[in-house]
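Pasting the structures here.
Each of the two complexes below includes chain A, the first together with chain B, the second together with chain C.
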Partner chain A sequence: MKQLVRGQGFGAIIGVVVMLSAFTVVDFSGWWTAQTISNVVQFTAILGFVAMGQALVIMAKEIDLSVGSVYGLTGVAFITLEPTLGVTGSLIVALGIAAFVGFLQAIAVVKGQLPSMIVTLGGLFTARGIIYVWTGGSVHNFSAAARSHPITRFLGGELFGIEAAIFWLIVAAAILNLLLWTTPFGNRLLATGGSKESAESRGVRTDRIKIAAFMLCSLLAGFAGILTLCDRPQTHVTLGELMELEAISAAVIGGCLLTGGRGSLIGAILGALIVVSFRYELIALGAPSSWFITFVGIVLIVAVIFNQKLARWLGHSV
Partner chain B sequence: MTNNHPLIQVKNLELYFGAFHALKNVSVDFHAGELVGLVGDNGAGKTTLIRVLCGIYAPTSGEVYFDGRKVEKFHPKLAIDQGMETIQQSVGLCDNLSIARNFFLGREPVKRILGIPFLDFAKMRDKSTRVIREFGLRDNVSADDEVERLSGGERQSVKIGRAVEFKNRVVIMDEPTNHLSVREREHVNELAVQLKEQGLLVIYITHDIFQVHRIADRVVIMENGAKVADASTDSMTAEELEEVIRQGGRVVEKREAV
Partner chain C sequence: MNCKKSMLLSALLAATAFAGVAHAQDAEKQYRFVMVSHIGSNDPNMGWLTKSMEEFEKKYPNVKTEYISTNNYSVQEHVRLLEQAISTQPDGIAVPIVSSDAFEGPLRKAIEAGIPVVAFNIPDARPEGERIPYLTYVGGDEYLTGKKLGEYALEKAEAGEIPKPTHVVCASHDSAHQGLKARCQGMKDAMEAADAKFDELFIGAEPATARNTLQSFLQANPDTNYIFTVAGWSSPWAWGVAKDMGFDPDVDDKGVTVLTVDEGPVSIEGVRAGHVLATNSQGFWLQGYAPMEWLLWNKEFGYAPQSDILTGPVIINKDNADKWAELVRGVFGDKAYDEQNTW
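For the complex of A and B:
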C-alpha cells in the first residue's frame, strides 16, 4: 500500500478522481461537454508547462513568482518580433528572453544570497512593466502568413488528432521526468532541495543546479506562452496575470512540498488539471467567474493539509 | 606506524573573519595510517581548521600541503577530488533520497544512451547494498530505502562506508558520536580504527578527550584558534591532556620520535 502511495503525485490522483466524481454528480450535462473538456484540456496543457517548471524550482527549495509575467513577456516578444524576425527567429529570441530572465533571477538568488520569493517578486513586476511599455497597452496580432507558418500550426493546431499543446505537454513531461528521476542532474537537484549543505559536502554545485532549475522554469513558462499564442495569436497586456499563483497552487496540490526535495511533475500536471477544471466548471455552472480564485484558494488549503498528512503517514518529516 | 612524509602539512596558518582572528599561526602535520584526535572546547578553532582543509574556507595566510604539493585553490570539490571526506553528524546525507542515491551523490555512475548520461541504478544498488551490509545496517533496510528511516548510528555507518568505498585517503570525523547510543558509539569508534588500519588518515574531532584517547595515536589540542598541545597518546595520559585543556594556552609538544 505504502509503495503505491509513495508513487508520484498520489494525492493529486485522488484529488482528480474526487473532483471528477463531484462534477459528474453536480453537473453531468454541463461538465461532460465537448466544449468544456476541450477548454480544460487546452488550458491544463498550458498551465501544466508552467506548473512543471514551478515544481522543479520548488523541489530545489526555491520559488518562482515571475512565471506569469515571463509567460506573458515571452508571448508578447514572440508576436511583436515576428514581423522583423519571422516566426522561427522570434520563437528563438522569445525563448532566449525567457531563459535570460530565469538566469538573471537565479544569479540574484544564488550569488546575491537573496530569498527567491523577493527576487522573483521583483521579476514579476519588472517583466510585467516591460510588457506594458513594449506593447503600449495595445493588442498585437499575427499576420495571416505567420498564422499559417508550419511552426505556428505545429505548436498551435492539432497534432495526431489531439490538441498540439497536450501533445507537447506529454513530450515535455516524459523528458523532464527522465531528467529528474534518472539522471545525475535530477539526483543533484533533489539533493539540493533536500539538504543543500549535504549536497555541497558531496561536491554538488548547488548554485549551478539552482540556476538550471530557474532557467528551465522560465523556459517552460515561456514555451507555454508561445503555445498559447500559436493557438490564439493575439496578445494583451494582462497575458499570464495571476498565472504564477495558479502554477504554484498546481504544483502544491500536486504534492510538491515547499520544504524542498520532494514533489512530482505528474502531480503538478494533475494539479493544473484541478485548478483549470474548477474554472471551467464554475463557468459551466454559470457562477460569477470571480468565484474561481476563492475556489482555487480553498482547494489549495485542503490539498496542502491532505498532502502533509499523507507525507507524515509515510514517515517523512515535514 | 607513520612514515616521515606527512599526507597533510599545515604551516603557519592564519585566518581572519573580518576583525576576528579565527586561526592563529597553526602548524600541524598529519600522516597516512594515523588516527589523530583533534580536541578543544567550543570555539577553539577545530572545525575552522578542518574547514580550511576541506576547502570551505581559504586561509588568510600560511600554507597547506597535501601529499607534498602545495594547495593553491581552496574549494570543497577539489578537496573531495583529492580523496578528502568529512563525516559530520548533521551533514552528508539527504533525508529525501534513498541510500543508493545518497551513496553516489555527486559521483553518480552513469550509463550513456545516445550520449545522455543516465543513472546506473543497478550498479548504485549493488555497491551500496554490499557496503551497508558490511557496515552493519539492519537486515530489513534496503539500499532503496530513504535515509530518513535510518538511526543516527546507521547514518554514520553509511557515511563511513561511503568513505571507504570511494577509497578516500583522509577521513575527517566531526563529532561523529554525538547523540548516539553507547553501542552505536562503540561501533563508530571501531570503524574509525578500522579506517586507520586500512592506511587512511583519520582526523577525529571531539570534545571528549577520554573517548578519543583510547583510540587515537596522537592528540592535537586547540584553544582560542591556536594549537596548544600536540602529543602522542603514549606520551601523555588522558588526564594530563585534560589538564592542558583546563589550563588552556600552555603549549605542550610531546611526540614520538618518527
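For the complex of A and C:
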C-alpha cells in the first residue's frame, strides 16, 4: 500500500476513482453498461499503447510529438504493402518503418544535440506528408483474404474472450513494467531522465538509452496502428491525427513529469482511460463533442498541479 | 476609279491581314489560372478536379492551370495559400469560400487588382449584395445536398422500404466547415419537417476517434435510426459502429439507415452493397472544368454569368449506382477505383 501511494501513478489512480465516482453519480445507468465499458476500454487500449511509449520518452526527459503520425504511417504501410508482401511481411516491414523513424529522430536528438520537441515536430509533419504522398489521398482496402489471415485475427479479433487490443496491452504493459522496474535498462532510463550528467558519470550510455526509448515509443505507436487496422480495416489517411496530443496528455495525467526521471506506465494507461472516458461521457451527456478538447485541457492542467503537489507531499524533488 | 478600287482593296487586305495577325496574337495569349482548393491530397475527390483541369489544358493549350491545396485543413492555412497565389498575379483564381469573413479581404483586393475570381464548391452564403463580388459560383448547393438526400430518404420511408426517421445524427468531421454545416442544416430541415429529432455530431477525421465518438453517441441515444455522414470516407466507419452495436445498418425496413455524400468509390460501392441508402454527386468534374472555362471566357470576351451555376446535387441510389460506378471507373481507372473501395 505504501509503495502504491509513493508510486508516480498514484495521482492517476485517484483521478480514475474521482472520475468514476462522478460518472456514477451523474449518469449511473448510462455509464455502467457492458457496451459502454467495452467501448471505452477498447479505445483506451489503443491509446494506452501510444501513451506508454510517450511515458518512456518523457521519463528520459524528452518528448515525442510524432507518435500520431507514426501510428498512421505504420498502419498505412501495413495495409498498403500487404498485397505485395502478404500480412506477415507487411507487418514486419511496417514495424521496421516505425522503429526506423524512432531511430532517425533519436539520432537527430542525441547526436545532433537538437531539442526533441523540434525534431519530433518535424517527424510529425514528415511522416504525415509521406502518408499523403504514398497513398495519393486514399488508403487502399484490406483484401478479404488479408482480413481472414490468422495474424490479422490474432491481432484484431478476440483473444480469450476479450478484445485482442486489451489482451496485447496487458502483455505489453507487463513486459515494459518488468523492463522498467527490474532490469538495468529501466534504472538507466530513469537515471538518464533524472540527471543526464550524473548518469553519465556512473557510466550510463545516455545516448543509447534515449535511442532505445525513442525506438520503443515509435514501435508501440506503430503496433497500436496495426492493432487498430487488424480490428477495423476501414481507414483513412487521417489515421492517428492529433493522437500525439492525447498520448502526451495521458502520460502527463498518468504522473509522468516533463522534468524527466519519474513516471508510470500504469499511470499512462490510466491517463488514457481518463482521456477516453471523458470524451465518451461528455458526448453521452449531450455536450457538443468539440468541448472534449477543452475538458482535456482542464484535466491536464489540474493533473499536472495535483501530481506535482502529490510528489512534493511525498517528499520527491520536482 | 480603278486606282481607288485598288487602294480600297489594298486597305481592306491590309486591315484583314492586321486583324488576322492581331487575332493570331490574341489566340496565342497565354493565361495562368490557379485553383486554391481546400480539397487536399488526403481527399480522393481531388482527382476529379485535377483530372478535369488536365482535360481543360488539352482543349486550351494556351492556358496553364495550377492546383494548390492544403492537407491539414485550417482556414488560416487556406487564406495563406490564397494570398500566396494572389501575389503571383495569376490571370484568374478559382477558390471555395470556406469562410466568407476570412476570404473577403484577400479576394476583394484580388478582384480590385483585376484578377477575376470564380467561387467553386462552396459559395459565399451571404445575400448577393453582401457577398464577395466574384464572377460566379460553380458547384453544388451544400444545403440542397442535405435537403434532397433527406427528402429522398423520407420518400423511401413513406414507401416502407426503410424505417421512418425517429432521431437523425449528422456526423461531421470538421466543425468549422460552412459547407458541411449547410449539408447538416439541409438534412435537419428535411427531417424536422417529418417530426424526427436531429443532432449534429463532430466526430473528427481520425478513424478510431470518430468511431469512439459515434459509439458514445449511439449508446446514449439508442433511438437514433438515421446516420448522415457528410464525407463519403466516413460512411464505412458509421456503418461499422452501428453494425458492431447490433443496430442493423444495412438498407432495409429495420434498424439504422446510413446516408452519405460524394460520388467517390466508397460512397458508390456502399450504395451498391446495400450498406448506404443514397449518396449524391455534386458534379465534381464540372467544378474543376467550368471555373477554368468561365475565367477564360471572361479574360477573352468579358463574359460573366448572370447567376450561379449549380452542378448538383444529383441523387445516387441503387437504381443508378451501377452507371455511376462505370463513370467513376472511367475517371479514376479500375485499379484505383477498386483500391479506394474500403468496404
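What to note about this one:
The definition used in the following text is that the second predicted complex is superposed on the first by the 312 of 318 C-alpha atoms of A that agree within 3 Å, B and C clash if a C-alpha of one lies under 4 Å from a C-alpha of the other, contacts with A are read in each partner's own complex, and residues count from 1 in each chain.
As a working rule, a contact is a pair of C-beta atoms (placed from the backbone, for glycine too) under 8 Å apart; a residue touches a chain by one contact, two chains touch by 3 or more.
Remember, predicted model here, so these are calculated numbers, not experimental data.
Within the superposed three-chain model, A:M117 lies out of touch with both chain B and chain C [touch as defined at top]. In the superposition on chain A, contact of A:V276 is made with chain C only, not with chain B. Judged by the number of chain A residues each one touches, C leads among chain B and chain C.
Of the two partner chains placed by superposition, only chain B is touched by A:R202; chain C is not. Of the two partner chains placed by the overlay, only chain B lies in contact with A:G193; chain C stays clear of it.
When the two complexes are overlaid on their common chain A, residue A:R262 makes contact with chain B while staying clear of chain C.
When the two structures are aligned on the shared chain, A:A284 is found in touch with chain C, with no touch to chain B.
Looking at the shared chain after the overlay, A:T182 reaches chain B, while chain C stays out of its contact range.
Look at A:I298: by the touch rule set out above, it reaches neither chain B nor chain C. No residue of chain A contacts both chain B in one complex and chain C in the other.
Residue ranges on chain A touching chain B, taken from their complex, read 178, 182-184, 187-188, 190-191, 193-195, 197-205, 260-262, 315-317. For chain A in complex with chain C, the residues that touch the partner chain are 30, 33, 35-36, 39, 43, 46, 128-129, 132-133, 136-141, 228, 232-243, 276, 279-281, 283-286, 288-290. Residues 76-77, 80-81, 86, 88, 90-97, 101-102, 104-108, 110, 116-119, 121, 146, 148-149 of chain B are the ones that touch chain A when the two sit in their complex. The part of chain C that touches chain A in the complex is made up of residues 40-44, 46-47, 71-72, 173, 175, 201-209, 211-213, 215-217, 219-220, 233-234, 236-237, 240, 245, 336, 338-343.
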